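Chain IDs A, B, C and D follow the sequence of writing; residue 1 opens each chain.
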Amino acid sequence: MKLNRIAAVAFAALMAAGPALAELVVPSLSYRTGPYAPNGIPYADGFADYFTLLNERDGGIGGVKVRVLECETGYNTEKGVECYESTKGEGALVYHPLSTGITYQLIPKTLVDHIPVHSMGYGRTSAADGRIFKWVFNFPGTYWDAASIIVKHIKDQEGGDLNGKKLALLYHNSAYGKEPIRTLQELAKKHGYELTLLPVDHPGQEQKSQWLQIRRERPDYVIMWGWGVMNQVAIQEAANIRFPMDHFIGVWWSGSENDVLPAGDGADGYKAIAFHPPGTDAPLFADIKKYVLDAGKAAGDGSHFGEVLYNRGMYAAITVAEAIRTAQQMNNVKEITPTMMRDGLENLVIDAKRWEEIGWPGNPEIHVTCANHGGPGLGAIQQWDAKTKTWSLITPFMEADREVVDALIAEDAAAFAKENNITPRECK
Amino acid sequence: MSEEAATPEVLLDIRNITLRFGGVEALRDISFDIRKGEVRAIIGPNGAGKSSMLNVINGFYHPQEGEIWFKGERRGPLKPSQIARQGVARTFQNIALFSGMTTLDNIMTGRLTRTRATMLDQIIWWGRAEREEYEHRARVEEIIDFLEIQSIRKTPVGRLPYGLQKRVELGRALAAEPELLLLDEPMAGMNVEEKEDMCRFVLDVNEEFGTTIALIEHDMGVVMDISNRVVVLDYGRKIGDGTPDEVRSNPEVIDAYLGVAHD
Amino acid sequence: MFYREVGDFKTSYAEDQQTFPIAFDRWRYYVVIAVAFLVIPFIINDYWEKSVLLPFLVFSIAAIGLNILTGYCGQVSLGTGGFMAVGAYACYKLMTGFPELNIFFVVILSGFVTAAVGMVFGLPSLRIKGFYLAVATLAAQFFLVWLFNKVPWFYNYSASGQINAPERTVFGIAVTGAASPSWATYLFCLVFVFALAWAARNMTRGPLGRKWMAIRDMDIAAEIIGVSPLSTKLTAFAVSSFFIGIAGALYFSVWFGAVEVTEAFGINQSFRVLFMVILGGLGSIFGSFAGAAFLVLLPVFLKNVMVGALGWSTAIAANLELVIVGGLIVFFLIAEPHGLAALWRTAKEKLRLWPFPY
Amino acid sequence: MSDQLLFSIEAAINGLMTGILYALVALGFVLIFKASEIFNYAQGVMALFAALTLVGLQKGQVPFAELINAIFGTNIHEFGWEMPTALALLLTIGVMVLFAILVERIVLRHLVNQAPIILFMATIGLAFFMEGFGDLMWGSDIKALDIGLPKGLSETVDQTTFEWFGYGFFIDRLDVAAAIVAAVLVTALVLFSQYTRIGRALRAVADDHQAALSVGISLRLIWVIVWAVAGFVALVAGAMWGAKSGVQFSLSLIALKALPVLMLGGFTSIPGAIVGGLIIGAGEKLFELWVGPLIGGATENWFAYMLALVFLVFRPQGLFGEKIIERV
């Protein structure tokens, strides 16, 4: 039996995987190993645990159980592609590639394989233009949204005037880290601040030069687009030079417990942008605890429950589940295809009432449309309290600078369309 | 023992060579010549500067003073590989074969200076590269036959016994068809039988191919038997030069060297 | 019983020096070629293309390239990833700069560009030797990756620094871009592998190969018999980089279609190719293939067995995979330091004598 | 003094401090290379493994918890104790000694007399193995490491320099602590190799394997000892870096920072490793400060290698090596 299975999986099953049997297949391209594992683990746990909850509590979605197909990428694009190719035949409904590199791999493939990709808050920003990127979604917000919201928050703090202020961007020297530069430069023109760029090479273990420069030039604010060890070192160094932590603001991938805990008390007051609330203060979490953690069905060891990235994994799972639900209702079937899933994503509405029903009120509403795959583009600022070791929102969810961001998105999307000979589709 | 030609042509002329390493003078004001077609021996006690002399001749060391004339032209400061291409080949005191390659390949490397096929020819292989390869191979097979090493043709040289390695090394030098062959102690560490074989090969090379040979050797019996003329070095100086008989009777040489050697 | 040299007399030097002196080996070689060209294109699917065959073909080219430098010429290099990046970015710039140029020539030109860069970084090898050189090649690795990441011209000023391969066709069939059929990309790479392996074999068996090996085994003696170390080492760097550049160009344009330099061509890639060369066997073309096959297939196989068949958690499986691959590398080095090629040779020696061991 | 000069001095001093941390990693390489001519690529992973073990013991983690839970369906993660740092350190040293013995038994013993590149590859295999093994044993989460070292801006330096120059220098107290620890460690190593029997044996082996064997020193014992000492050095390096950034996978990458130091200082010289570390540390900071902004920054990954490369082209024997005279 076992031998048969080995043989089957190693050879035959890969060649021609049969159609899925009465289940909804959701691949999870996770990374529980490698340099970014500390971030990948809570996310993957949250993602899996929410579906376990649905299966345990509700018997799946619309009566059909969800099968989460986890595949380890190690945050490595080659392995990510291998994961994609090996799971796409199993009836995968939607991919969350969980890395910029893998997202860029999958974007062209969506046009051929017709499986939607949802790069939630990462990936190619201009994919927010649904007229050109039919199969790609990146709601609830893009990096360019995030950059403009951070600038808005800074502006609010400075009493509405940024003229002559100095902002510094400390970024991971990669495709991901370079994303906000254009937006911040555009905004600089608009608001009259001065922008300093400080790249940090992978992995970012050593940042003395950058922080000495920050200490010397004393920018009013430091914005961070960091990932992995770079975050921990940056926050530690900021604490070392006694940079005012409430003037140090990270993107949503630079604002988890992992990033602040190693710096201890020094991290107190550090801020980051978020597109969902932190903490476990919602009925949904009680359910997860009851049906998943306490029942011993958690994906991980349960130690990450309620952490920022765990919640983000859950948030991702919720969007998937809701889109499946939408697709089921639209087509009046229980088992859906990836194409129906795409339509479900494109017509996804999670309003305040629905968030209430899900059990996680306080999240901004999501309205995806044919033209707008980037979602509401809202973000709030969360702040770390080192004494209680908790994150809390200190602002309401704010809107991005649509004027600047939308222009940039239109420009970049048009370039992509031209490069790939895509005629933008009409949206009603 | 071949007779000297009536008007021997000088192949290599060493004029007033001085070689220093830091403050140490390895060779001091040395002059001698090597005539075409002769077997010229360089002898002297340990540390006399014999190997340094060979190294100067094939361009591995560059002397601070003096001139070298080769085939009637003054030689500039050439690299060893350029000198090799002019027709100077050598063997080494401590065998310097390419241990990862077979006997055949080692000897074939001796033909490298004669390769005409361009890189593109070699990549395509058919045509000039292939033709040339088989021409070289034919020449190398002659040398293999001459040195009687047919049975080890495809053996990696690292696995061969010492005596055979010496022979392969001679083969590699011969494959270049040099005008001047430098042998650095070709018979060192051999038993009597192997020495006799090697002597025979050296003389055969000299006679059959007409190759001029300069050799360093410790065994005086061998030197006296096979060489036409001998130059004697001691502490970097030349103390004697002439036919074996002349050298044998030179008192300075006897003092420095032969006196202890017991002919 | 039929695996014999006996009765297989060589009557010319050409026969004596051919690649597969034993008739049975020759036949097996023809069968492999026939299967590769005539059978696989008909049964290939996306998974086998992207996860097994293209990686194998691309890394075979890179491994042969590095083997020429390290195995034949004895210069250890850890800059493979950086040189692959040169190939990939040259390919991208040529593709976007000259859209009319056939992708086939684009890939070859990328190889030449990489060869030129490789020669520049090969210059220090005249002074620096052994591990010092190995570490020095890391300078190329880090500098090149930094350069492609930093200078926007290389990625055509795109917002993210990613490069994407536009669709290009050969005889009207797409070989790059997402819409390219599996069999076409496979055949495109296979043609390169076949031609390059053939070229490598010809170079290594003739004067050029002997020069390289002479420098490897004893560079001083090589110089004295007339081999110029400068030109020989630089040719090795150039040829090796040419191969690696082509591997990089295929990696980017055909296999992946979109890459980011820091991730795709990092130092891990350098180590991976070096592993292939050493596990496969230094100084062996066949070994390069064996090493590439081993290191491409093993992780995929282990993953499928542990996660797919045994149902273990992905994290445990990924870690165990590292443990097993690491352990196997050490095991192989102990069992046969000269690589899979040497194991294969030993097996053949035994077979040649079977069933009579004397 | 001009501002620019002050900044440069500040950057240089900080660079020197960082350089000591590089040197600490390089030291592990040198010890093993000197005694066995093995280029131990696994040194970085050893630092990670040692630091993981230290934290794991300190926090009372159950080793292989995930694997045990997966196989037996249990749900254990922690023993529920907090081990005193000193005891955890001692136990970690024990683990590293055990590791050294196993490496000699399982790997090195079977690879005697192999070409250096084969041994180098074996250590890379070892690095892979330990990467997976360490994660299996202690999990891939990031772990905060606190061994009671001071952290953050040094007030004293800041104020003193402010009084002197009107500009307060930034010095991280953790760096100072690391420098002191490194100095103690090097002194201890020098004393060990000069004044103990084993130390003398080590030097004998470094000079001449054959000679060492002929006077009755067991090469195997020597190998176990150097690997154990290198493991200890790795522990110190891992603890220092871990205190800065938390203990996590990226720690193993610091090995890459140590390689140019080795090139510069030579693979066999302990003073070379230290001086090389200092030069590279200060050099990369100053280069990033002055040249970085002109060419886009983030130069630190390659600058060290380029510096070492250029240096070696002019002086192939390294900083402290003897001039190589080629012979035929």
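Keep in mind that, in the parts below, a contact is a pair of C-beta atoms (placed from the backbone, for glycine too) under 8 Å apart; a residue touches a chain by one contact, two chains touch by 3 or more.
None of these values were measured; they are calculated from a predicted model.
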item: Chain-contact steps, minimal, separating chain D from chain A; value: 1
item: A-C compared against B-C, more contacting pairs; value: A-C
item: Chain ID, smallest distance between chain and overall C-alpha centroids; value: C
item: Averaged-CA centre spacing for the pair chain C and chain A, given as whole angstrom; value: 36
item: Cα-centroid distance, chain B relative to chain C, in whole angstrom; value: 42
item: Centre-to-centre distance between chain D and chain C (centres being mean Cα positions), rounded to whole Å; value: 33
item: Computed distance of Cα centres, chain B from chain A, in Å; value: 74
item: Junction residues of chain D, two or more chains touched; value: 66, 132, 135, 140, 296, 298, 301, 328
item: Of all residues in chain A, the ones touching two or more other chains; value: 32-33, 37, 41, 173, 201-202
item: Sites on chain B at which at least two other chains make contact; value: 60, 92, 96
item: Chain A-facing residues of chain D, complex; value: 7, 10-11, 14-15, 18, 65-66, 69, 75, 77, 132, 135, 140-142, 144-146, 151-153, 170, 172, 241, 244-246, 248-251, 253-254, 257, 284-285, 288-289, 292, 296-298, 300-301
item: For the chain A and chain D complex, residues of the former touching the latter; value: 32-35, 37-38, 41, 173, 197-206, 208-209, 212-213, 215-216, 228-229, 232-233, 236, 239-242, 258, 261-262, 264, 266, 296, 301, 303
item: In the complex with chain A, residue positions of chain C that touch it; value: 43, 45-48, 50-51, 55, 146, 149, 158-162, 164, 166-167, 177-179, 256-260, 262-264, 266, 300-301, 303-305, 307-310, 313-315, 317-319, 322
item: Residues of chain B that touch chain C when the two form their complex; value: 58, 60, 79-82, 84-85, 89-90, 92, 96-101, 105, 108-113, 115, 117, 119, 122-125, 129-130, 133-134, 137-138, 172-173, 176
item: Chain C residues touching chain B - in the complex, by the definition given at the top; value: 12-14, 17, 199, 202-203, 206-208, 210-211, 213-214, 216-218, 220-229, 235, 283
